[in-house]
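Below: a set of structures, written as structure tokens.
Consider the two complexes below, in which subunit A is the common component and subunit B and subunit C are the respective partners.
Moving on, here comes the complex of A and B:
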């Protein structure tokens, strides 16, 4: 599979169809996977794909990384879940389908965090998204690499995140408040969750607007709550549950829970799943006259 | 005198309610209630915005942070929006935001949504009286008030 990937990348670079291949490669010590940017055909041997390739590379297609866009037309190595983010970027006009070459790779799951990997991919170290993955065969791609996967996701989503959401839903209001305060109190406002997210591409984030200061910048519980809720709210109907924010959080706030909760809300209320079809508008910019309004008096 | 101390010494609790209303319907409805000399509970502080579509979820968070016991969000009935579709978009946003608030443990009685048109002065009066009663039953919003007393996170 890796050879197939390298050959295709080489072919694309040699023909001049793309100027850069964004993919996965080993670090110098060969211990971890990092993003690599290949611009020369002879360097394509650096490309790898294995169960450590958890990073969502679609972030390099956003305007956060103008220097990469300056190189020229990119090809991107993407798993099904990364393609979902690319699809959202296309629906939001951040990039054009014809401006990128998607090297879709079939995937049989990745690790939750690279340091958990001990030579074997076990279900316990896979994130919830992999247990319920419906895009192991890339759904939007120019080239599909790897053998077709015949994995079918369970009908009822399973995994730690979904169990925990059910548990929180059954809690009393004050128990929920205590649960979230305990987690959000740890927030140090490093904004790693925002920097890692390929859908948080605003050039001026709401936290940087200080006339008025919408979200307190100090790590006070009040500002922490506002930041974490508003971040989730700005991803409502857009988040594809790729899990990068939680993976990057230095204090392990379970951000996947809030994100997935909103994914479920949007799915139930508007019947929308983000990242599936690049020709459908995201749910928060359109409306239906028949939207549910039983909560409005 | 700090608010909590006042409640302890005098035994009265006057809830603070923030109302974010749209300029064209609910504000006009409240205005009609005023010009018709209708009487309603004085606990509401009205903020007029151009449209319900202008009401950012951050406003609701800010209101709670600054000591509101309840928030009311109100605008034109669906189909009546001065800007044609503002309230439809707002409705979608609230659908997601109310679930998020409930998930964090905020009682949804503290955030109420309604449609009040320019002619519905009676509905507005009833709405404010009901919301004020709800807040009196719930008591001061201690979750945020306690949080405000805490110092910044020292790790």
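Moving on, here comes the complex of A and C:
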């Protein structure tokens, strides 16, 4: 599979069809996977793909990384779940489908965090999204690499996140409030969640807007709550549940819970899932006279 | 430091009763930035406004707050006064302390009202400190009006606009203008012949050099906004070249095929190539493509052979044209409630039960009988005719709940016409109430009863059936308390007037509102009866609701005055309460574009000096933007703000509370 990937990358670079291949490679000590940017055909051997490749590389297609865009037309190695983010970026005009070459890789799951990997991919070190993955075969791609997966996701989503959501839903309002306050109080406003998120592409984030200051920027509980809730609302109907924000959070705020809850809410209210069709805008952001309004109580 | 003036109005006793306005003025003066406060009995009166202007000048105020009634009432008054005193009018803000404070509190100690007024006033002051000078937006006006519907209301609107020197296009669905009025025989209360008074106006519209007629055409699509509408019109194929046809009539003389005449409501036949009636304007025939054998199966083509100027063209196709207009007058008219809805009156089953409009055709000199009253079944002269009023009207269960307004009058007219033509005939009228409000209307109905011997029976008809060539009517006469049975030769139903089928689709195309009967909604039923909520679109005639000819004509003229006022200058000014995109922070995610209900946000190309497109950003079209603020909420990076209601202003107001 890796050979196939390297061959294709080489071919793309040699033909000049793309100027850079955004993919996965090993660090110098060969202990961790890190993003690599290949611009020379002879360097394509650096490309790898394995169960450690948890990173969502679609962030390098956003306006946050103008320097990468300046290199030229990119090819991007993307798992199905990463492709969902690319689809949202296309929907929101951040890139054009014809401006990128998607090297879709079939995937049989990745680790939740690289340091958990001890030579074998066990179900307990895989994130919830992998247990319920419906895009192990890339759904939008220019080239599909790897053997076709015949994995079918369970009908009822399973995994820790879903169990926890049920648990929180059952809580009383005050208990839920305490639960979240406890977690958000830890926030140190490092904005790692935002920096890792490919859908947080705003050049000026709302938290950086003063006059008026929407969000208190100090790591104060009140500002923390505002920041985390506003970020959640900004992702509602857009978040694809890639899990990068939680993976990057240095104080372990369970952001996946917030985001997956919103994914479920939007799915129930509008029957919409983000990242599937690039031509469909998230329903909350579209004015339509035929809106189903039965969720307004 | 700002120099703000606060003016607290007592509104007679309206505000003063629950608000100590002098205390509000005294306390407010202590706030930073406030240099002048006063309380006055009627701020909106002319001495009130004079002191308002004087205070602005004397104290060199740079912002004013008027704590008074709703801004809907006097915002304009005070902004104008502020402008007269040399202030930017958008530096004048109103605090609503009447509707939202004094009227809703009944505290005799005046504490609640006073405290709340101070809170509200303080919020406005803080808001005002963040106000920016705004200037009214000017948008260009295309001085060309579109009139949809060529009935009497539409014709009147078009003539008045054209006489005012502006170009007008009339779009009419039928092959001729004239509408329903062209069908009428005589008109109440003066009994002048409908066609005699209508056709001169039709001809005037045709010959007017400022009016273009698009007959046999329909409006397909409307884009744009006041002053700048772009309208797509479908010109249905007439299969006749309008530029060469002389209207000689040779083609419809020779055409061997016939169909029921829509204009005569099925009382007679027309040819397959036809004009709806002899005085049609334009006098150019159309071919009914659903019935013409030449078009259907390439047989016949006789009309083309006899046509002198060779105007017939069987290959013509529907044409779509897109044209620019500054204003639209909607005058799409009415129709009568469909026949099938009157089972109990035998309509559709009994040939001699006809509608009021069919009676008009029988009585019309140009109608199928040449003006002689003949019943449809055997063409004999009916000696007893029963008129049933409120057929469908005021009948919530089976018809419509409203009164169709014109039926009392036209039924009285029918009885008179009948007696004038059949001297020994007897007319009976079943009625619920006689509604004859209007100049010389009551006298007209009395005339029908007293001079022309119509027998008015107050009551409803329970059954109508056919027996031995007669129509038997059973009903109640509630005044004498008896049941009556009449053997009639013919029955005329005063059927309810309803909106046209497809009226809702037209409304959706135009973006105007309609009620449950699909009559169009006025902006305000009393004070803005010909305006709609969509600026630049006006309403005339029976598309709004039942009305008679004088009212329709008045409305036509009223819309013309609105259109001419709009066209009186090359540019029109509007409130600058519109959204604005900060080009530095726009991410071009287009969430504002998809969320805008008014399609007011465009993707603007940003070009470098060489003209290459370097970026695309959102751009608000000031003409279309209604200032609703949806895009402001949708924008994640807060790159959009609403002028006059900026985030800063709202924050400042909340922060002080």
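By our rule, the second predicted complex is superposed on the first by the 286 of 297 C-alpha atoms of A that agree within 3 Å, B and C clash if a C-alpha of one lies under 4 Å from a C-alpha of the other, contacts with A are read in each partner's own complex, and residues count from 1 in each chain.
Definition applied: a contact is a pair of C-beta atoms (placed from the backbone, for glycine too) under 8 Å apart; a residue touches a chain by one contact, two chains touch by 3 or more.
What you see is a predicted model, and the numbers here were worked out from it, not measured in a lab.
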Discussion item. According to the stated criteria, A:202 is in contact with first (subunit B), second (subunit C), both, or neither; which is it?
Written reply: second
Worksheet item: For A:190, is the partner it touches subunit B (first), subunit C (second), both, or none of the two (neither)?
Response: neither
Item to complete: Check whether A:63 is in contact with subunit B, with subunit C, with both or with neither, and answer first, second, both or neither.
Response: second
Discussion item. Per the contact definition in the header, classify A:280: touching subunit B only (first), subunit C only (second), both, or neither.
Written reply: neither
Worksheet item: Touching A:214 in the superposition: subunit B (first), subunit C (second), both, neither?
Response: both
Fill in: Set of subunit A residues, in rising order, touched by both subunit B and subunit C
206, 214, 285, 287
Discussion item. Could you list, by residue number, the parts of subunit C that touch subunit A in their complex?
Written reply: 584-585, 587-591, 594-597, 616, 630, 634, 636-639, 647-648, 651-652
Discussion item. Taking the touch rule as given, give the residues of subunit B at its contact with subunit A in the complex, in rising order.
Written reply: 57-58, 61-62, 65, 78-79, 85, 88-89, 91-101, 103-108, 112-115, 127, 143-144, 147-148, 150-153, 155
Worksheet item: Can you list the residues on subunit A that touch subunit B in the complex?
Response: 168-169, 171, 173-181, 185-188, 206, 214-215, 218-222, 224-226, 229-230, 232-233, 236-237, 258, 261-262, 265-266, 269-270, 283-285, 287-289, 291-293, 295-297
Worksheet item: Can you name the residues of subunit A that touch subunit C in the complex?
Response: 63, 92-94, 201-206, 209, 211-212, 214, 234, 281, 285-287
